[in-house]
Every structure is written in structure tokens, then in C-alpha cells.
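First chain written, first letter: the chains are A, B and C, and each begins at residue 1.
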Amino acid sequence: MGYVRNAWYVAGWHDDVADRPYPVSILGERIVLWRSEGRLVALEDRCIHRFAPLSLGRCEAGRLRCMYHGIMFDADGAIAEIPGQDIIPPNARARSYPVVEKHSWIWVWMGEAARADEALVPPAVGLDDPNFILGRGHLDYAAEARLINDNLTDFSHLSFGHANSFQTGMDFADRQPKITPVARGIRVDRWNVNAERRLASGENVFGDTFASYDFLIPGVLLMWSGSYPAGTAERLNFETPDFDDAIAAKNFTSQAVTPTGDKTSCYFFSWGPDSATGTPELRDAMMALAGMAFNEDKVMIEAQQRVIDGHPAARIMPTAHDRGVGMFNRLVDSLARAETESAAA
Amino acid sequence: MGYVRNAWYVAGWHDDVADRPYPVSILGERIVLWRSEGRLVALEDRCIHRFAPLSLGRCEAGRLRCMYHGIMFDADGAIAEIPGQDIIPPNARARSYPVVEKHSWIWVWMGEAARADEALVPPAVGLDDPNFILGRGHLDYAAEARLINDNLTDFSHLSFGHANSFQTGMDFADRQPKITPVARGIRVDRWNVNAERRLASGENVFGDTFASYDFLIPGVLLMWSGSYPAGTAERLNFETPDFDDAIAAKNFTSQAVTPTGDKTSCYFFSWGPDSATGTPELRDAMMALAGMAFNEDKVMIEAQQRVIDGHPAARIMPTAHDRGVGMFNRLVDSLARAETESAAA
Amino acid sequence: MGYVRNAWYVAGWHDDVADRPYPVSILGERIVLWRSEGRLVALEDRCIHRFAPLSLGRCEAGRLRCMYHGIMFDADGAIAEIPGQDIIPPNARARSYPVVEKHSWIWVWMGEAARADEALVPPAVGLDDPNFILGRGHLDYAAEARLINDNLTDFSHLSFGHANSFQTGMDFADRQPKITPVARGIRVDRWNVNAERRLASGENVFGDTFASYDFLIPGVLLMWSGSYPAGTAERLNFETPDFDDAIAAKNFTSQAVTPTGDKTSCYFFSWGPDSATGTPELRDAMMALAGMAFNEDKVMIEAQQRVIDGHPAARIMPTAHDRGVGMFNRLVDSLARAETESAAA
């Protein structure tokens, strides 16, 4: 299975890139992020001269100079100066990537620049959103991004993998959520009826709890949830409630999975309560939980990767809970195949 | 050169496996050991669903549950439960390996289950044998098992590699032992006549010393030795003496070499004096010596492996001392070839 | 691009090899250096028996014994003894390499022994040369030697990479040096006119400064430089001055790049002032600078190697400053190609 190239991949947090070149790797391509007079720029992280990384270079008044032999690049990748040489070869330039800063993340478009469309940036919730009190973090994975995507499109693993951290009960394993296709992704909705308990985070969950997340190309999870008075689920015929009507445990999480190199990934996440009922202390308790839980996933998924590496030909045996996994992976496959065919045409 | 599959490989010490799944690797295959209501079980360490390792799972009343999405396995590898799904695919199961616990070691049969025969477990001496006071240890090797087998089937290296630790003289290098074939292995006998000296271990060796070891498929060394009154060797016409007649320096060592992964191995060993004349202190002194000596081997063999890796096509030049090495390797080759032909037929 | 085999490669400092076998690696070949009754010897570091490294062996009266099974080698690689065996196979021997000790370095000839010619040893300045007060060092590189050669045949990088350490100005980037072919290499000469400043080393540079280096097969840089009264460059029509006429900042550096393994290298260097005007304190200040600067190169070149590894098919874009790089690389190519053709004929 490949990855979709015509998509916005999270490269880092907005404040990762300040006044110095910042190296990232996406889909195995080395990219240097920097700011040219305030404007975010993404170039291939490779001088066209002798392949020194531009991320070891120096920002000079809106330009980036390779600090090996001094070749200078404009923000669009064009060469502005070659020391000791007057003529600049007309076609020589560093590849430039479309890049936007949105919702506190830096997003890089890995496909055809002409097709980069800001409207396709998934509607994550930024750290500065006044409606939520968010914490953030990231994990480097020694595993392929697709394994993390599989993890995030099947929450039945919560009942086993996160029984200790999130104190998830058997409901996630026993019952299927409602899964529907959305634009460039899937939506996963789940009512948890009469779930009276105190979460490890200190939040009280009671009555009926609803959670809904979209999992979007290339690997972005956006989830909100809240608690409602007992009887709400049935009254709404198990349809989606209004977030505003939730009376407790309202929160939002944005998560993004970026394939970095060969069997490595980066997992970015934010989470926190709504600002009306939450507090920074609750956010910190939730982030401590997330730290535990996401590490439980990392241990399992990296071990899974090692097993796969030793059995490259083995075939998985999907279960009923793999419906969301399959929907999302088929979407990725069809988009990736279309890209390949379009490139070959 | 390959390895024989229809053989019992040492996977660990009997007490390595208690109430939690225990991962091992043999011939590059990941295996999880656990106890199902007291009975030792060996399954492939790979959930059939999405290849999470079962060694990260949980033992539940005689069964093993994968802790990623909760698939539950019976002791024979059959699937007992798939969360969220009523139907269990009839042929879905984890591969099960024959396994026995004997002589303080856990032995796994890597070949056809139908041919697994407990009578083929090499007659090692267990730690609980009342006739000996044994210590134990193991070393992880960054080298192929066959190189350790080569080391153990030619003791001429003792004169050079272990001159400091075992204080071995030149006799091992100068004279050939008597080597005879035995069932699934070779026997190496050596009289050392008039070997009057105090060993570094504190043992006194005097008169005539005899040592005999069997080196058995897949790579198990079982050796006893003892000292006899001067003249015994000649009186017995250099045939094998009775162990009971030894008057000093009686001891036994069991050693097992297990290929684990690609160019990695595990070397298990026990050693100690007989309980009639030995003491725990002597055992400890012997084990300290063994620790030094076995590390001398490890340094040499791992370096040898690195040289071989850089010269994969180079051909060895056997010497007169390689007779035992050759006998054993030809036996391995013929058994491995027969297995391959039988599998192809 | 390959490397020239018919050349002397620096294997180490003269005093690296004393009374114990010393392992080195050149062009991916493991070699053991030792002294046989005072005479330096280089053999392949691999026992012909079972490939144990001879560098783990023991020197015995002019011979080297493998300490695995005791095979003994003469200084020319012939087998002197096989324990337990009377007959020595007539053609069995370890490969021997021509080796000389000269200018404080140990040089190994990697090509045809018959063509080894001491006259081809580059005229480095040894640590014991009475005309200079030299310090020395070496760096292990996780990069191919050819990248370090490229670095040393284009000093325009000094203006960017070493602006902090050597306090190099823009002259190196702005102006080309004079480059001429010499036997088995190139010569790079540079006048720096009216360069009045105090170096970070504490040396005062004033008037006109001249530096000239030869870069010789296989990768040896030999450079002298000195300061002259203002006007000297013009008076000499920018030709080469006499070293003896320099009035300050006289120094010499010898540097050697040796390919060791796959994408690894060793970089040996000495540097220091002339003994007439220099002091040990000045040498130490210069070596501290060199330590900074050479590490700046190492950081850049190792990063460059990683980028190249990810883009093996990418083509460099040479600049005007690459003239020396190109001259030297074409020389290497033509010599290496001639060797290949001669071997095939």
C-alpha cells in the first residue's frame, strides 16, 4: 500500500520554525522549512551543487544560503548567487513545496504543486482556539504510518490496549460504532449509553456519552466528544447530538500521522477540554493520560512492525472491527492508484 | 550450510517461563512460550489478525489473549474468541510448536510436529540433578550458531584461546582426541596422562585425566570428566574409564547453542562438580572461570563472524584438528538435505 | 567513481604499531599491521583456516600466531606452523601488502605488489622534521573519502564553513586560486594581498600571504604558507615566492584521507609553525583551531553523505570553484580505469 501524495501532511508545529532552517522528512523526502521575511517556505533540503543539506545553511534577508560553498537560494528555490561565478544556470533550482500554516500546524503538500488547495487542509483545532484548552505533544515512531492509521481507524483496541490508561471498558470491543464515508475520509460515531463513571483524568462521565471523529487523508484524526443527560441517545434515535448541548466531559483532539522515512513516522496530537467547563489542570491530567495511552500504542505498533518485517509475505485476517480500517485503506488505495495512473498517462 | 529442523532446540531455562508470555526466537522464527494451566505451550509469536506479537498479550485461564484487539487463543493455537464477531474462521489459528521441559531446559521442536519425539531430547544434566552441584549462565552471540558449533567440536582452541582462563596446556593443540560417531552426533574422548597441576578453579588435577563429550544435533555439548590414579589410562588401554572410579576433579557440563535470528545465537550452559566431592564454592570458582573462558570464545567468534561477513565467498582451509568439526557438519548437512528433499517430495 | 589501487594509503601513525598486532581497514580490506623483528609488516587480517582475525593474534619472535587455533604466520604471510599437523599446504598463505614507514605515517600499497614504488610516497612532513613544530590528530568519518577529497580540492568552502574557526574572509569564495597539474595530483596556489589581520591562533598575518598545496593520489594534501612584505605578490608577478623569504606565519600541514570501509574514512593531519619563529604554544593554538574547523567539515560532509544516500541517482551541478575538484577526480578516474583495463587484459 502506498500513500497519497496530493495531500497536506503535517510537518511540525507552527512554532517549530522560527529564524533558523528546520529540517523535516516526509514520505522519505528531506525538506527544509524556513521563513522568508515572515512567509513560511519549504524547499528540498539538498543543495543542487553537491547535495549538502540546506538545513545546515543560514537565512540571509529572505534568502537561504548553503553554508558549504555558499550557494544562495530565493524563497521559491531559484538560485540567487553562486560565489565565484557570474552566470547562473537558468534551470538550476531547488524544488519548492507548497506549505501553509494553519490550526497551529505546518502542512506541506507532497503532490503536484498546481493541485495544492488550501481548502483540503483538514479542519483541525488550533492551540489558539478560544473554545478549547489544549495541550500538545508528538511521538516519533519506528513504524510505518499506515500501521498508526490502522490503529486510529479501529478503536476496538481501546478495550485492551488502553484499559489501564483510559480505563476503557469492553463496550468498544463488544459493539461496532457507526461508520460513514465523508469527503476524503471516514466518520466514526459512537453512543455510549448510561456510562456512569469517573475517568482517570478526574472528569465525571455520566448519562449518555457521544464521540465522533473524522479520519481524513492523509492521516488526520479530528474528534469531539461530550456527555449528555441519560436518555439522550434514545431520544435522538442514536443520531448525532449537538456539541453545545453536552453537559460535561466536552473535549476535542486533533491528531496527525506523517510518514517520515522508511518505516518511520511522526505522530502529532493535541487534546483538551472545552474552555467553558474545563481548566488547565484538567487539560494537564488529560495529557498525562494521553502520554500513557499513546505510548501503549507505540509499544504495540513498533512491535507489530518488527513482526511484519520478519514476515513480509504474511496476509492479515480482518475482523468485523476492521470495517473502518478497510474503508479508509481502500480510499487511500484508490487515490494513490489514481495518482500513479495520472502520472503514467 | 543450513540447520536441522527436526530437532529439539533449547529455548530457555525452565524458570524463564512463569505466568507471563515469554518471547524467544529460534531459527529466525518468533515464538511465544507460556503455561496453559501449568502445561508449557509454544505458539508462533504473531497474532493472525494484524501481526501484533502475542508475547505482549495476557494469559487468561489457560488461554492467551492478544492485547492489541483482543483475539484469544487456545493452548493449541486455535482461536477461542474474536471480539465483536461471532463467527470464527475455521482454519484460522496460530502455529503451535511441540515443546517439552526437561533437564531444566525448555526444548522446542522446529520441524514437523508429527515427528517430534521426546526420546530425541539430548540427555543433559538438569540443575536439580542430585549428583552434581551446578551453576548456569547464558551468552547472547552476534554470530551464527554454526561458528559456535565449530568451536565446540574442536577443543584444540583451548591451548590458545583459553590458556589464561582454563590454564590449558599445549596438549590439546598437539594431540588429537579420539572421535567416534554416536547417534545424531559425535563423541570426543581424551586422556591426559600424568597431568599433575592445580587448576585456576582451585581443583587439583593429578594422575591421568579423562574427559568425554558428546556433541549432538542440533548443537548440544554434554561432557563429563574426572581424574584417575596415574597409570589408569595405560591400564585401560586408553579406553573409557568408569566415571565412578574417578578420584578427583569430577564434573559435568551441559551446553546448548541455539540459532536465534540472522547471525545471532544464544549459548546456554551449566557446569559444576559432582556432589560427593564438590562444594558450592568450587562450583562458583568454576563458573567464574567459565565466564572468562566463554567470553574469550565470544570475542573471537564474533570477530570471526565480522571477517566472514566481509568475505562471504572465501573458503576455509581445514586442518587435522577439524576432523570432529567436519564429522558433525557433514551430519548436519545430510540431515538438513534429507529434510529439504523430503519437503520437496 | 572508484579509487586508485596502485597508491600508498596512510594506514596510521608510525607509533600506532608497536609490539602488538594493529588492525586497520583500507578500501574495505581488513589488514593487520605488526612488526617482525622491527620490520613493519602488513598482512590480510584473516586467518586462512577459519577466518579469525589475525589482529587478535600474538607476535612470537618475528611471527604472528592466530590465537584461535594457533596457526602461525611468517612475516611474508607464509604459514610457519599448523598445530597438530605436520604437512603445510604449499600454496596456503595470508596475503601480504607492501608497507613503508615514512614521514611519521605508515603507508600501505593497495595495488599490485610488483608495482609498489617508494618514490610514489607523497613527500609529507614528518613529526620529527626539525624545521617545524607539528601537532597531529585524526578523525573518523562516516562518509566516503571522495567527499573529503572534494572538500580539500576546493577551498572556497573556507569562506562559509570556517568563517568562525579560521576566521576566513570572502577572498576564498570570491577569487579563484591558480591551479596546475603536478605529477599524480594538482597544485593550488593563492596569493592574498594586503591581508593585515590577527588570526584566531594568535598569529599576525600582514602584508601579502601565500599558500600553496599539492593534492596527491590517493588523497594527500601537503600545504605550506607564509606572510611576505606588502608588495611581494606584485613584485613576483604573482608567481611562487621562496618559503625562506617569508617573514611571518610560516607553517606546514600534511593531511591524508584514507577510505576505510563502505562509506567510512579516516582523516589524518598534522599542522604547525616553522621552528625558527614558532613555539609549542602557537602549535597548540593552531591545533585547537584545526580541531574546530575539521569538525565543521565533518559535520557538513557526513550530512552531505546522508543526503546522497537518499538520492543515489542525483547529479551534481559543478560551479566555477570546482575546477580543482574536477581535475583531481578526472585524474583518479583515468588511473582507476587504467587499472581496471589492465586487470581485464
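Assume contacts are C-beta pairs under 8 Å (C-beta built on N, C-alpha and C of every residue); 3 or more make two chains touch, one makes a residue touch a chain.
Predicted model, so just to flag it, every value in this text is computed and none were measured.
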Rotational angle, Cα trace of chain A fitted to chain B, multiple of 5°: 120
Copy pair chain B, chain C: interface residue numbering same or different (half cut): different
Computed distance of Cα centres, chain C from chain B, in Å: 48
Chain C, residues touching no fewer than two other chains: none
List of chain A residues in touch with chain C within their complex: 28, 30, 45-46, 48-53, 56, 65-71, 82-85, 89, 92
Residues of chain A defined as touching chain B within the complex: 150, 154, 156-157, 159-161, 170, 173-176, 299-300, 303-304, 306-308, 310-311, 314, 316-321
